[in-house]
Structure formats: structure tokens, C-alpha cells
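Before anything else, here is the set of structures, which you'll find just below.
The same chain A turns up in both complexes below, where it pairs with chain B and then with chain C.
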Partner chain A sequence: MDAVVSGIVLAGLYALVGQGLVLTFVTTRTLNFASGELLAVGGFLALGVGSWSWLPTPGKLAVVVLVGGALGAVVHRWLVLPFARGEHDSRWLLSTVGISYVLLNLFTNGEGANPQRVELTRNPGTVEVLGVGVNKQSLVIAVIAVVVTLALVAASRWTSGGVIMRAVAEDPRTVALMGISPRLVGAVAYAAATALAALAGVLWASEVGATPGLGVHVLVSAFAVAVIGGLTSFWGPLVGAVVFGVVVQVSAYELGALWGQVAGLALVIVVLVLRPEGLVGRRMEAKL
Partner chain B sequence: MKKFAVAALAVASVASLAACGNDSSSEREDGVVRIGLVGPETGAAPQFYTDLVRPVELAVADLADEYGLEVEIVTVDDKGTPDGASAAVQQLLNTEDVDAIFGPPQSGNALQVADVIQRSGRPWLSAALAPEIMDESLDPNWLFRTNYNASDLSSVVAQYLFSGDSTVGIVHSADAYGQSGAESIEAEAEELGAEIAAVEAIQPGTTDFSAGISRLAAAGVDTVFLAITAGADTATVTKAIAQEGLAADRVVTNATILADFATLADPEQWENLVFIDPRDLTGDTVAGIAADYEAEYGEAPIIPTNVYSWMAAVDTYLQAVAEVGDARDFDGVREAMEGLEQVSVRDDVYEKPFGAGDHEIYEPEDPSQWIVFGFDGEGALEARGDLASCIADGC
Partner chain C sequence: MSPNPAPSLLDRLRRGEAARDLGFLVVLLAAAAWIAVPALSGDGTTLAGTQTAAVVVAVAVAAAGLNLLSGHARLISLGQGAFFAIGAYVSAYLSVDSALHPLVAIVVALVVTAAFGGLLALCTMRLRGPAFAMVTLVVAILTERVLAEWAPLGRLSGYPNTLDHGSGLMPPIEIFGTSLEPPLFAGTEATVVVAILVVAVVALVGYRNVARSPWGRSLHAIGTSEHLAAHLGVNVFGRKVAVMALASTYGALGGVFYAQVFAHLQPESFTMLLSITMILAVILGGAGTVAGPLVGAVIIVLLQRTDVLTPLVDLQRQVSDTWYLSTPGLIGVLLVLTLAFLPQGIVGGLGELAHRLPGRAAPAAAPAAAPQAAAASATASSPAPDGDDVLLAVRGVSKSFGGIKAVQAAELVVRRGTIHAVIGPNGAGKTTVANLVTGVYGIDSGEITFDGRRIDGRRTHAIVRAGVARTFQTPLLFTHASATENVLAGFPDTGRLPLVRAWLKDPGQYRRTRELQDRAAALLELVGLGGDGHVEAGSLPYGKQRALEIARALASDPRLLILDEPAAGLNTAETAELGRLMLTLRAQGLAMVVVEHHMDLVTQVSDEVTCMESGAVLAHGTAAEVLAEPAVVEAYLGVEMEETA
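So, the complex of A and B:
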């Protein structure tokens, strides 16, 4: 029971970042490999705005999320669009990996590589869930991940923006003929995805401190959960994260801490072999 | 005439090849002492680089004038990897042509470059803990260690861990430092006829370690030894200890905890946490160094123990160079270091620290020479007493 509960709680962080990957994939068929460093941007922005005593915490959080969103739009305009000009153009992969290294080096040179304490959304201590002690901060992140997932699912089904997003995913050319700009939809998706990464960055940095490498480990797991759940469904990251988190924790409890992550990544391979579209995704062609 | 030209060419070739090998002096004669620092400016543990460069800068600023020397510091990033360390040391030796090498601070990387530096025939000063780095059978031996070694530490830590009726578990980083630390304690346990109930490894940067602590609890562990490279990972482990409610009477770690741990952890995480060191880290000397460090760099030392060790290294080396009068006389400088009457870190003085067959600044084996440190309610370091008293009466 301990392993299952802690696995589910652990899943929240990965699901939140994984949602960003799904957002960009369903709208542009591209993935942002700099998501981990953009998550670190959230952590460092939290350090910066943390000293603005005139602004209440929700305001500070909003600033971080908005700046993160703006950065996402910039990444889409200058690092994705010029390098995704056709079905077989996958230079965006190199450009997003490239900017991740640039950001990593900028942070290391500018801020140093040692962790810095972030207080903005810190929830220290533990709380009991079903008789199991869980970390408060991880629980907060898990709750936010569920809310974000429900909001994205609802928006994609019952709002005009969601319908446009799904239409762009199905057939961007026809959508363009109807006067809707797939580029704009892509920019909005990147902005939203990066805003989510920045939000995850604030929340996670409040737990472990802000470092340039804050997102490196998180991104690997976020990719894993997006693949397990499916890159074409907003339910995918949440379902994938729960399955991944439980497998990781159960393996770690039963076999030893080091085996947890190994088991989680082995699960990714199993899913890719048996159900490449993911547990709740649907099969579609991609230009990866 | 042709034979003479060929002979001359051969002589010149042999001479130039000889210059590439182990030579006790070479041609640079600008009079400036060039110290090469190698450490992980990037990588998983950059604090070891920061607290290599800064204390050397501070000590050189203090001592260069006193010894009448002009000193230049050259730094190279080893990226925290053995391969990076090899490349960095080659750069220091072949491109930068330094007179002495300080570092790498991490044991695995120091082991990787040990042969190369020994063959280069230049003074090598190290604060890395791995006992394997020091091969006292080498003649000449160019390595001088200004820190204690892990073998001595393991010996006294084991005495503390296994005192009383304790059930001991180990958590170590899944890296060279952590594995070496865990293996040392396991070897000491075997020697003492004691058993270790559980051993768990943590990957650097792990987000959650509750499963590992749960396994320690299931094994009935009440005393935990942490051999962890970064304070941030130690914080993850102690958070899991609090979260899982592991009733540990003692959590014993090492001085690497001073890097980042108190910044990231909350008071309940450092309640029973202690580490053991032979130096008085709460005394006036360390406080004075910390004040100067903070005035210069705007923050407190990250690993005060390393700061102390590197300052001792600078005094060792510059004293010897001043005595010989020529940093390029590598043999002379090495012999001078062996014969130093004393080495100082500010007001702390070590008499006759080295000798011809002794290149370790100190090797305290008696528990009364080690001090047990913990943290007070505010996270500040406090001395709990000497180890012998702590073993006998608790502390």
C-alpha cells in the first residue's frame, strides 16, 4: 500500500510536465526537448520574484507562469517554426536540444550550479494519506496535476479553442483554409506547455532548491510517462504517470531503490513494443 | 659532414623526447609560480570546484607576499568525470605548463589522473579522501594529501556506528565516492565482527527515496550511515527518513553534508544527524576563514572542510617554493615539502606534518582526536564532543 500511494503522489510532477509534451505534440507534432531547462527557468524566476514583498504569492506565481508562457511562444516562433517546414523536417529536434544546452550553460555561469532555496510555494513536512506518510509538496503537485488534466480534457472537448486545437491536430491545411492560423495555435500550445513547465519548476524548486539541472531528471521521467500514457491524449500523462510511479515505487520497495527507475524505463520499452500509441493514446502518423 | 648532421639530429631528437618525459625542471624562467587547479566547474558536484578555487585564491592572497612570491592560478574544468579529469590534467601539464597541480577534489577523478601526474614529476597536492590515491611506495612520490583519508575516517566511524547494540544500515550515492565509502564501512564491520542490516543506493538527483528508507525500516535499522556526495541528495534521504518515520537514534554522515544540506533541509531533518572530522570546525580559525570568504565572495563557504584542506595545501606548497627559490626545481620543492617544520592554516599549526615516507598531513587513528559535529535548532554547526567520549557516554 505504501508503494502504491507514494507512487501515485510521485506521479503528479511527471504528469504536469508530461502534459506540456502532449500539448505541443497534438498541435504541432513536435516536442520541446528544452522543457527540462524551461522548468528550471520557473525555479529561478521564483527566486527572483520571491523578493518582491509588495506582490502576494498568487501574483508572484502568475508572473512566473506568464513569463514561462511568453518564453514558450518565443521558442515556438524562433526555434521550432523555422525548423519544422514539412513532414520530413525534424530539425526542431536539434534546435530544442541546442537551446536546452544554451540555457543550462547560461544558468550555470550566471547562478552557479549549487542549489538555492526557494520559499515561494514551499510546503514542508508530511501528511497522512490512507495511513501512509507522504510529502506535502508532492501531494500539492499531484492535486494540481489532476486539476490541470481535467481542465485540459474539458477544454479540448467543450470549448471552441479545444475544437480548433483538435482540428489542427487532424488536418492543419484544411483548418488554415478556414481562416485559422495553425501557427498561432502552435504558439498558444507552446506557451501553455512552457507555462506548465514553469509552474512545475516553481513547485519542485520549492522542494529541492533551484539548480540549472533541476529539470534534467524530471524530463526523462516526463517523457517516459507521456510515452506510456500516449502522446495524443490529455489523459495520457496522468494515466502514464500513475502507472510509471507505481511501478517505480513497487520495484524500489521490493527490489531496492536503484531498481525503481530501471523498472520504470523498462516499462517504457514494453509499452513501445506492445502498444506504441500508449495506454490511452490512439495510433497516428507522426513526422518524428 | 652528412654523418655529423644525422648525429646532431639524433641528439636533438633524443633531447627533445627527454624533455617530454619526467624532468625535474624545465625552461620557463619568468619567476612566476603557476599553480594549476583542476576540479568540477560543471557536472553534478560543482561545489568541489568552487571550494577549491576560492580557498586557494584567499590563501595565495594571504601568503604570496609573506613568502615573497608572485603566483598565478590557472583553473581547468574536469566536468566531474574521469575522462574530463584526464583531459584537464593534460592541459595543465602540456599547454599551461604549471609548476604544481591542486586537485581533482573528487576521489574517482583523482584516481584516474594519479599515474599521469606522478609520471609528470611535479608536486601534486590533493584533498581527495580515497586511500588508494596515496602510494607511499613510490620513489619519488609527488602526492601530498592535506586532508584525512577515507580509511582513517571509516575506522573511527565504524567504531561509533557499532558501539552499543545498534542495527546499522547504509545509504550511499551510486557513484565512486559513495560506493567507496560504503565498502569501507562494510570492511570495517567485517573486521569488528559486526553485521550491516541493509545497504541502499541513491542515484544523484533522485526525486524520492521513501522506498529505500522503507527497506531500511523493514530491516530493523536504528543507526544509519550516509556516504553521499552532495548535500542535496542527503536532504532527499533525510526527508524520506522523516516521511517514513524511521526511528533512527543516529544518522552518521560525513563532511560533504556541509554542501547545501542546511540550505535545503528543515529542522526535523537534522535532529539526529552527525558527522565526524578531526578539525575544530566550530573554532576561531574556521570562523575567521568563513568571515573572510564571505566578505570576498558574498556567501559562506560551501564545504568548510575542503576550504581548510586547500588552505593547508597552499601553505605547504608556497613555503617549499620559497625555501627552494625556484618553482621549476620540482625535485627540490618536493623534498622541501617533506622537510617542512610546520604547516599552518591561519592560527592552526601542524608540526612536522610530512616526511620522506609520509605524505599525509595527519592520520588520526585515536577516537579522541576526532570530533563529533551536529546541527543546532537553527541549522548551525555545533561540536558534540570528542569521539571517544561520545562512544563511551553518548553525545
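So, the complex of A and C:
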């Protein structure tokens, strides 16, 4: 039971980052492989603004999220757009991998590999959930993940934004003829996705400390979550994260932390065999 | 065209193929000798150089395998380093802990890695999109973690280590009474390097054979369009699994080399960065070129293992001593710069340059030895002797996409050696019928038979192998390859040549290559592209691209050819030429389905016409009958229905 509850709570972090992956995938059919490092940048930004005593905490958080968003737009403009010309061009995948190594190396040289304590948004201690002591910070992240998911689902269902996002992915040229810029939609999606990653970075760094490698394992888990849940639905990351989190935590509890992660990979493979489009993704037979 | 007698020119071509293969082998052997001589001297000063050279060889072999997967078939793997690590650790573990003979351990390690790669591919290859890259990344990171944290592999103490095994080094392999010593100690001849070089040369020759064979061509087809590859008779899913297993084996072989060179493994050597290094070697050298990954591996390993990058780091540190990039970051920058400015890589870029150089004339097209005879043999599928003259029968077939009924109860019967035109306004479902016949989509109801056998429910490549070929509404060609190369892709070898034969390249393959070259030349001649064999397909005028597609379709020696709007975009002269070609092919016994809007062509060539509208058959008969039908005229000209109602 302990493992199940902690798995569900831990899922929030992966879902938050996974949501960013879905956001960029449904609009541009691309993903940011540097999301993990941008998450770590969020942690270091929190460290930087932490000393601005004149700014209240929500203001600091807003600064981090906005800077994260701006970085996302930059990544889209300079590392994704020039490398995603047409359906068969998947250079974006490698260009974002390349920049992730630049960031990782830059921060390792500049800040060192040891964790640095981040005070912004720190929630020490535990609370009881279903009779299990749960880390407060993880609970905060999980609540935010649920709120973000509900907001995205609501926005895609009840506003024109949802239609625009899907249309941009399916037929950018027609959308452009309708007076909507696919580039702008893509930039907004990347900004939002990276802002989410930066937010996750602040919250997670407040818990475990800021390190350059903070994001690597989070991104791997977020990838697993996105594949399990499906890259085409905003429910995907949340559903995928809960399943993944529980499987990883239960196996870690039984077999040790290392094999928990390996069990997570096995779960990804099982899902790909049984439901390649993900647990809540849509199976599409497109007319060519 | 010079009046050279054909045999001498063919002789020259023949020698050309073998000479090029020999040249590659000589270059590899020369490089191997250059590495081996200092290694065997046992001189302490050469140790570092020998180790670096051996790492270049290990990475080159792994990158070569990765190139088949990510360069040719364009399935981007971020996990080649993981397969390298698995090969290294499994071979070491089996020989040290399980006490298997080291050679047996190596073979088992290669098989295990191939199986693991194949299994991953089986699970991920059904999807298009980035799932494959994501899963390979997950595998790479997890492998890194397992190596660093799992006790039996020594964790951060490495494998083997003094605490668990009493020695930090694997014992050298004993073979035929000699022991294969690693390049670790001054005064000892580094004999293992020679063994590694021999195996590497064999592996790289095999890799080149595969890349240049019809098997390699099928990978290129998959990378261009899976839709096209399936229509060339390639079992796309099976081939993707096979190439992943092959690439994993090459990765593991590189890892085995690495383990033998250092006789000790540290998890830090097998991080995610190793995978990135390998994909960068492929891209920088030239993805999809034969020599690219080898050139790339040399450059990348030298950048990483020598101090050539040090001045660049020092320069940055003069500006800021905290915020600067060292080797991993500079590798990342190099990756992005290569993608932006040299997407074809060094070898690909040089090839392009050589192609554009005005001084170098394009190689003279081989005049077809006997175009008439060869052309006849190319399509010499005589009508079957049995009395049944129906070749293709589509009966009551329906297909919906979501709520849209694309095809409803369609009927289409094609008799042997006849041309059946399918006409109808845009959106009538004509191309969808073509796609249903070749198994692109499954049908919802009805049945399709070809030559008396049910083909609905079979996969595209199986239907193509049964004798159906087609062209596409918008030509699907290898735009960067020559016209001849495009036709060569159409031969059944692309889908059927077994990997082992492609790898070994037995003498039969040389003969077959010459035969296919001749037949390709004859087919080009037949469709009016006799002088264009060497021209890049993408630079041919549109009409010739369409003709090239027909030549490629004919290469499979089909019994039924489906032409999807072959006259679209052609001028009057080209259309007339197309009509003549179709009549020639019919005279040779080929049956055709032609989806067409061009009524002059339809009346000129067709034996039967079916008109479709909104997914249903509107009329059927001879061209004159169908075109006289009021409903057909209405469908085309949009006359109000009330008039006739």
C-alpha cells in the first residue's frame, strides 16, 4: 500500500513533464529531447532568483516560469523549426539532443555536479494520505499536475485553442490559409511545455537540490509515461504516470530501486505490444 | 553515344564492380596494417596510440551498423551505445564469471544483443513517429544505470575488479597456443589488436556488401517511404526488425573489441554520451553513405581522446572560467552545427560536390545490349493457360474511414492482357480502390481475388510478390539517386534477397548485379529514358519521372500493373507516348488498371471502363458505352439531377 500511494504521488512529476511532451507533439509532431536539461535550468533559475529579497515568492516563481517559457520559444525557433522541414525530416530529434548536452556540460562546468539547496517553494515534512506518510512536496507537484491536466483538457475541449492545436498538426498549410500561423502555435506550445518543465524543475529541485543532471532521469520517466499513456491525449501523461509510478514503486519496494526502473521499461514494452497508441491514445487509420 | 561494341563495355563494367570491392578491401587492409605494425612492436611509447586506434575501430564498427538503421532506414536510435555496452559486459561476464571459453562468450554476447535489439524492434516498429527513438533513449539511460548500480557487474569498481575476481583484468584469450595480449603493457606484443583488425575488416566488408546490395536498397526505400517500400515487395516490419538486430550485433561487436583492448570495463565509458557519439559519427560522416560512419568515427574519437579540443576550451576559459564548454558540450555543438550546415555529412557532401563539378562528365550510360529482346523478356508474362481469363476481381468491396464511406460495394473485374480504366470525379474513391487492391488498407466487406486467390487481408508486400505492381498519384522516387538506381529498386531482389547472401556477396551476386543492370537499361529504353540512366531522378522533368515510375514497376515482372493517374501533368506528346507504351505492354500480355481523368487516353487504350462516383460504381462497359451514359456525363459536368429524375 505504501508503494502504491507513493507511486501515485511521484507520478505527478512525470505527468507534469509528460504533459509538455504531449503539448508539443499534438501541435508540431515534434518533441523536445532537451526537456530534462531545461527542467534542471528551472532549478538553477530558482537558485538565482532566490536571493532577490525584494520579490515575493509568487513573483519569483513567475520569473522562473516566464524565463522557462522564453527558452522554450527560443528552442522552437532555432533548434526545432529549422530541423523539421517536412514529414521525413527528423533532425529536430538530434538537434534537441545536441543542445541537451551543451546545457548539461555548461551547468556541470559552471555550477558543479553536487546538489545545491533550493529554498524557493520548499515544503518540508510529510502528511498522511490514506494512512500513509506522504512527502508534502511530492503531493504539491501531484496536485499541480492534476490541475494542469484538467486545464489542458478543458481548454482543448471548450475553446477554439484545442481545434487549432489539432488542426495545426494535421494540416499546417490549410491552417495557415485560414490565417493562423502554425509557427506561432508551435512556439506557444514549446513555451508552455518548457514553462511546465521549468516549474517542475523548481519544485523538484526544492526537494532534492539543484544539479545539472536533475532532469535526465525525470525525462526518461516522462518519456516512458508519455509512451504508456499515449502522445495524442492530454489524459495520457496522467494515466500513464499513475500506472508507471505504481509499477516502478511496487517493484522497487520488492526488488530494489534499480529493478524498479527496469520494470518501468518492461511496462513500456508491454504497452507498446498490446496498445501501440498508448493506453488512452487514439488509434488512427489515416487515409493517405 | 559512342558506337562502342556492347561486350567490351560490359566487361569494363564487370571489372568495375569487382575492382571497387577490391579497392575497398585494400584500403581497409592498409589502414589495419598501419595500426597493427606499431601494436606488434611492443614499444611502450606506442601504447596510447594503439589504444586510440583500437577505439576508433570499435566505434567505427558500431557506427557502421547504426548507419544501416539510422542512415539508410532512417530509424533514429539513441541507444547504440547501450548495445555496445551489452556486448562488452556480457562477453566479459560470461568468460570471467561463467568461465565459458572467451570465444564462445563472445558469440553468445553477439547473439544475446541481436536478440535484445530484435525484440525491442518487434515491440516498437509498428509505430511511426518518435516512439522508437524515445524507447532507445530509455534503454540507453537504464543500461548506464544498471552498469553503475548492479553488484554482479562490479558497480563503479568496474568489471572485473580486484575485490570480486582477484584481478582487475580479464585473462587474455588463448587460441592455437598463442595468447592474445591487450595493448596495456610495454614490452608485450599487442596481439589481440591483430585479431580485432581481422574481424573488423571482415565485418566492414560485410557491412559495405549489405549497404550496396538490394537489401541495402530496401532499407533506403523504408527510409524514403514505407508505403513505397511495401509496394516494392519489401516486408517492411520484418525488415525493420532485421536491420535493428543487425545494427545491434555490430554495436555489440564494437563493445567486444573494446573489452578486449582494455581487458577491464568501467561504467563511465558507456554513458548516454557514447550513444550520441555514435549517431554523431554517422551524421557527420554522412548518413546513408558507405564510408560516412567510418570517417565520422575517426574524427569523433580523435576529438574525444586527443587534446585537439583543448585550445578551444582554453579560449573560452579566458573569457569565463566558470561558464564554458568542455568536450561533451562541444560534441553537442558539433552535432547541431552538422545538422544545420552539413546534413549530408562529409562523405555525402563531397559526393554531391563531385557530382556537380562541371569537369567531371557523368558516366556514359551503358547502351542497352539488345533493348528489344530484353524489354520483351522483362514483361514476358504470357497469359495463363487455364480457361479463366479473369485476373483481378473486386467484388462488393466497401471501406469507411471513420464516418466517411470512401468505397461502397465496388465491383471491378480485370481480364488478363486487357486495360481497364477507372474514371470518375475527384474524391470518387478511385485511388482508394487501388490502395485496397494492394492491401494498403484492409477492406470492411466484400472480397478481392487475384488469379483466383483471395488477396484481401494479405499485406502489401505479399500482394506485390503475387504479381501486382503500381505507380502512385504523385511519383514516389528516390529523388537523390540515379534513374538506373530507381529502376534497380523495382526488382524482386529488393524484397527477397536474404541478408546472409547480401552480407557474403557470393559470386552469384556479381552476376545478378550485371543482369539487373542490363535489364534496368532495357526497361529505361522501353519507357523512353534510354539516355537518362545516370541522371538524378529528382532533376528529371515531371513526365520522365512518371515514365521512370512505370519502368520501376515493370522491373518486378508483374502480371497486373496499376497506374494511378499516369497522364496527370503530361503534355500532349508525352500522353500520346504513354498511350503507345501501354498498348505495347498489353500486346506483351500485361493487364493494367489505369485510374485516369484524361478521356482521350482512356478511349485510346482501354478495353473496359468503370466509372465511380462517391465511392460507388456508376457505370461499366466499353469506353464509348460508359461515356455515353447520362449519369456519367452528369457526374463529370454536374448537370442538375432533376432533369433526368
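Just so we're on the same page, the second predicted complex is superposed on the first by the 281 of 288 C-alpha atoms of A that agree within 3 Å, B and C clash if a C-alpha of one lies under 4 Å from a C-alpha of the other, contacts with A are read in each partner's own complex, and residues count from 1 in each chain.
Keep this in mind: a residue touches a chain if its C-beta (ideal position, glycine included) is under 8 Å from a C-beta of that chain, and two chains touch if they have at least 3 such contacts.
What you see is a predicted model; the values in this text were computed from it and never measured.
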item	value
Which of chain B and chain C A:159 touches, first, second, both or neither	neither
Partner chain(s) touched by A:231 [first = chain B, second = chain C, both, neither]	second
Touching partner for A:261 - first (chain B), second (chain C), both, neither	both
First, second, both or neither for A:57, with chain B first and chain C second	neither
First, second, both or neither for A:217, with chain B first and chain C second	both
Greater residue coverage of chain A in the superposed arrangement, chain B or chain C	C
Touching partner for A:174 - first (chain B), second (chain C), both, neither	neither
Set intersection of chain A contacts, chain C complex versus chain B complex	216-217, 258, 261
Chain A-facing residues of chain C, complex	74, 76, 78, 120, 122-124, 126-127, 129-131, 133-135, 137-139, 141-142, 145-146, 149-150, 224-225, 227, 272-273, 276, 279, 283, 322-326, 328-336, 339-340, 343, 401, 406, 432, 435, 440-441
Residue numbers on chain A that touch chain C, as the complex places them	25, 29-31, 33, 79, 82-83, 88, 90-91, 93-95, 97-102, 104-106, 109-110, 216-217, 220, 223-224, 226-227, 231, 258, 261-262, 265, 268-269, 272-273, 276-277, 285-288
Sites on chain B touched by chain A in the complex	42-44, 46-47, 50, 174, 200-203, 205-212, 214-215, 232, 235-236, 239, 242-245, 259-260, 263-264, 266, 268, 302
Chain B-touching residues of chain A, taken from the complex the two chains share	2-3, 6, 10, 13, 108, 112-117, 124-126, 133-135, 138, 204, 208-209, 211, 213, 216-218, 221, 249, 252-253, 256-258, 260-261
